[in-house]
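The block underneath contains the structure these notes are about, expressed in structure tokens.
Labels A, B and C are assigned to the chains in the order they are written; within every chain, residues are numbered from 1.
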Amino acid sequence: MTAELIIFVLLAVIAVAAALGMLLSSNAIYSALFLVVNFGVVATFYLLLGAPFIAMVQVTVYAGAIMVLFLFVIMLLGAERLRHPNQVLSWQQPLAVVLVMALLGFAGYVVSMQGLASPPVDVANTVSYGSPAAIGELLFREYLFPFEATSLLLLSAMVGVVVLTAVDARRGVSRGVSRDRRS
Amino acid sequence: MLLQELLRDYLPIAILLFVATGMAFAMVALGHLFGPRRDGKAKLMPYESGMTPIGSAVRRMPVRYYLIAVLFVLFDIEVIFLLPWAVVLRKLGLFGLIEMLVFVTILLVGYIYVWKKGALEWE
Amino acid sequence: MTISNLNLVGTLPLLFLSAWACGLLLVDLWIPGDRKHMTGWMALSGFAITFFWVSSNLGQREEAFGGMLAIDGFSNLLHLVFLGSGILATLLALNYLKQHDIERGEFYPLMLFSVVGMMIMSMAKDLIVVFLALEMLSIPLYVLVGFARTRADSEESALKYFLLGAFSSAFQVYGIALIYGATQATGFAAIGDAVAISGASPLLLAGIGLMLVGLAFKVSAVPLHMWTPDVYQGAPSVVTGFMSVGAKAAGFAAIVRIFFSAFHSLAADWAPVIVLFAVLSTVIGNVAAISQTSIKRMLAFSSIAHAGYVFVAIVPGGYGALSDFAASAVIFYLAAYGLTNIGAWSVVIAVDHADGMGSDISNYAGLARRSPGLAAAMTLFMLSLTGLPPTMGFVAKFYVFRAALAAGYTWLVVVGVVTVLISAYYYLRVIVVMWMNSGDGQVVTPRALNFTVGVTAAATLVLGLLPGPLMAIVESSVRGLF
């Protein structure tokens, strides 16, 4: 128990530090890289919770593919550097602080009322709970419908990205590219 | 108890991670210690195949990279679903095969669409 | 059999429409660019087949996919609302897209995907399905809003809608996670059982609240309405007409099903929040609409106010015997709003021009002289949106207020009536401008648009005069469900 707690606290500190680094970097690329660290730590959390499959997904999809996507978007927009920090956020900042305090207070209240001592899932069973086989059993029997619906969701996302980047078979080269080249 | 099981299962990976990281640092450190030093302005320039770099390295990338990246993510998610399916396929039997067939067919529609629209062509 | 109660037969209309959407996407690839209206007609026939299929079997009471989906009168009636708005919007799109030079075949499959998402949303009996359905209806809508991507305001509204929508989805997922943490279940029935035993823990209430944020965003309730005017104004008007009805109805479908079945025993906790949404939306929506000069922004604020009236109908749902009554009132109100609102947006499309002119209320001056039929229809729609007889909007408001009165919320009904009086000011102003002022300008009325306006106007009037049969159908389909 104590060894687990030490590992958790160490990882939690890294995770929070990475999240803060992501928020506070003025260079968007650094933010993205901090986010990779955060994703990695969260993947380790999943491992500690006995969910190796989710940990693997976290690394391959989030830290891998989605981060590549983020970096492309940042570079696509040329948004590496924030040129005008604090431009219109003057009155929002104190408000945000107040709201965050309220949120933290409420979260603290929820945690204190609920108690941290009672984990919702039996820890002894967690090792097999998150294995790929257990997930497969659940996903392809009980959660069959959400699984199949996901494919339709992915399909409409595919159509969406093609429509919005204006790829067209007739023209071949998209308008977005030619516009970028001129500028 | 959980931690011990984790350690047993993932210790090789952890060792690999440490060795790989250590190796990277060690190589740089060794080069620093034993290599000859000839510093100069030219050595600090970004390396571009021996050419003098023109303009800034920070420039906008074509939207095409983004398109490919999104399509990659979408198909990546499809592949992720194949893993737990493959593990339990024997238990699921024919029913499982049909399930995955429907899933893959729907995404195949997307693949044909993307292909036919020319989203996979570079120029 | 590896899954109990799969019931593919019961879900056939849904599966058919999904398959039709995929097929249409493929077929469209081989339809030449100058004949994209063929894709539109095929989408239309898909919608129409499903519409008649669903309406032939309204009174079903079944479950499918092992209890993940419910097929009952509630979902079936709302399916008709979604499919109906899909049919009318597709009809409008046939000419609108060409006229505004944004015709692409993908428009129609995306619309079909969105309707499939809405249909799933109204059937969902599991929080995971609710989330997936929400994304499934939203992602095509984000794209459709930005469909006129040569226009900067369309792109801007798509970006705004997408960013805020993604943010609200995050709230919803977090809420679902907390609810799962508190009850260890995602199915409505199992959550209901767990809640009945354990009662309201702070964790559960936090989860419910966060989930409600995600859904209230979709139905554009105050204070989560900020995106609505900009998006409704910037999006292609066909899409606005479609999403203002479909997305709103789908969001309310999920709210009704979740709160009436899973959290029924917590009514004392959630009713005040719903009341707050109702009061804020009706008051702020209607007051803000007064100062609008653009008809699109006016209709956007009107849509926020109408979300408030639906919330008024949801409030009595927590009172045991009244939940059927509340659900019927919600369905009837959404049907009335859907018909009227799509009609009003068709008139907006007729007056609007490709160059962006004609979206001001002042452009409606003299419409009565130029196009009396259109003006008469618009008058009817404005009366119905206000809630004046002899229109369907009046019956719907009456129905909603009666439900709230039955639950003892007299003061809420008073607020409702006062805001209706406020709304009369800006709705009637459009009528006055159309009939009293003189002005000129062109209206574009293709046959499909005339048909849409005619059908919606006739339905608004006929169902306003003879609401009995429809009410009886709604009440008998919903009876005993919640």
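In this text, a contact is a pair of C-beta atoms (placed from the backbone, for glycine too) under 8 Å apart; a residue touches a chain by one contact, two chains touch by 3 or more.
In this text, all values refer to a predicted model and were calculated from it rather than measured experimentally.
Trainee: Going by the touch rule set out above, what shape does the chain contact graph take here: line, ring, star, complete or other?
Mentor: Complete.
Trainee: Could you let me know which interface, B-C or A-C, is made of more C-beta pairs in contact?
Mentor: Pair with more contacting C-beta pairs, A-C versus B-C: A-C.
Trainee: Between chain A and chain B, what's the gap in Å when you average each chain's C-alpha atoms?
Mentor: Computed value for the inter-centroid distance: 16 Å.
Trainee: Determine the centre-to-centre distance between chain A and chain C, using the mean Cα coordinates as centres, and give it in whole Å.
Mentor: 30
Trainee: Would you kindly tell me how far, in whole Å, the mean C-alpha position of chain C lies from that of chain B?
Mentor: 41
Trainee: Got the chain C residues that touch at least 2 other chains?
Mentor: 2-3, 22, 25
Trainee: Provide the list of chain A residues touching at least two other chains, using ranges where the numbers run on.
Mentor: Where chain A meets two or more other chains at a single residue, that happens at 140-141, 144, 150, 152, 155, 157, 159, 162.
Trainee: Could you pull out the residues of chain B that touch at least 2 other chains?
Mentor: As it turns out, chain B has residues touching two or more other chains at 92, 96, 106, 109, 113, 116-117.
Trainee: Within the complex, which stretch of chain B touches chain A?
Mentor: My answer: residues 1-3, 5-6, 9-10, 58-67, 69-74, 76-78, 80-81, 83-85, 87-88, 91-92, 96, 99, 102-104, 106-107, 109-110, 113-114, 116-119, 121, 123.
Trainee: Within the complex, which stretch of chain C touches chain A?
Mentor: 2-3, 6, 18, 21-22, 25, 33, 64-66, 68-69, 104, 106, 109-110, 113-114, 116, 120, 126, 128-129, 132-133, 135-136, 139-140, 142-143, 146-147, 149, 158, 181-182, 184, 201-203, 206
Trainee: Provide the residue numbers of chain B that touch chain C in the complex, in ascending order.
Mentor: 92-93, 95-96, 106, 109, 112-113, 116-117
Trainee: Sort out for me which residues of chain C touch chain B in the complex.
Mentor: Touch list, chain C to chain B: 1-3, 22, 25-26, 29.
Trainee: Which of the residues in chain A end up touching chain C in this complex?
Mentor: 106, 109-110, 113-114, 120-121, 140-146, 149-150, 152-153, 155-157, 159-160, 162-164, 166, 170
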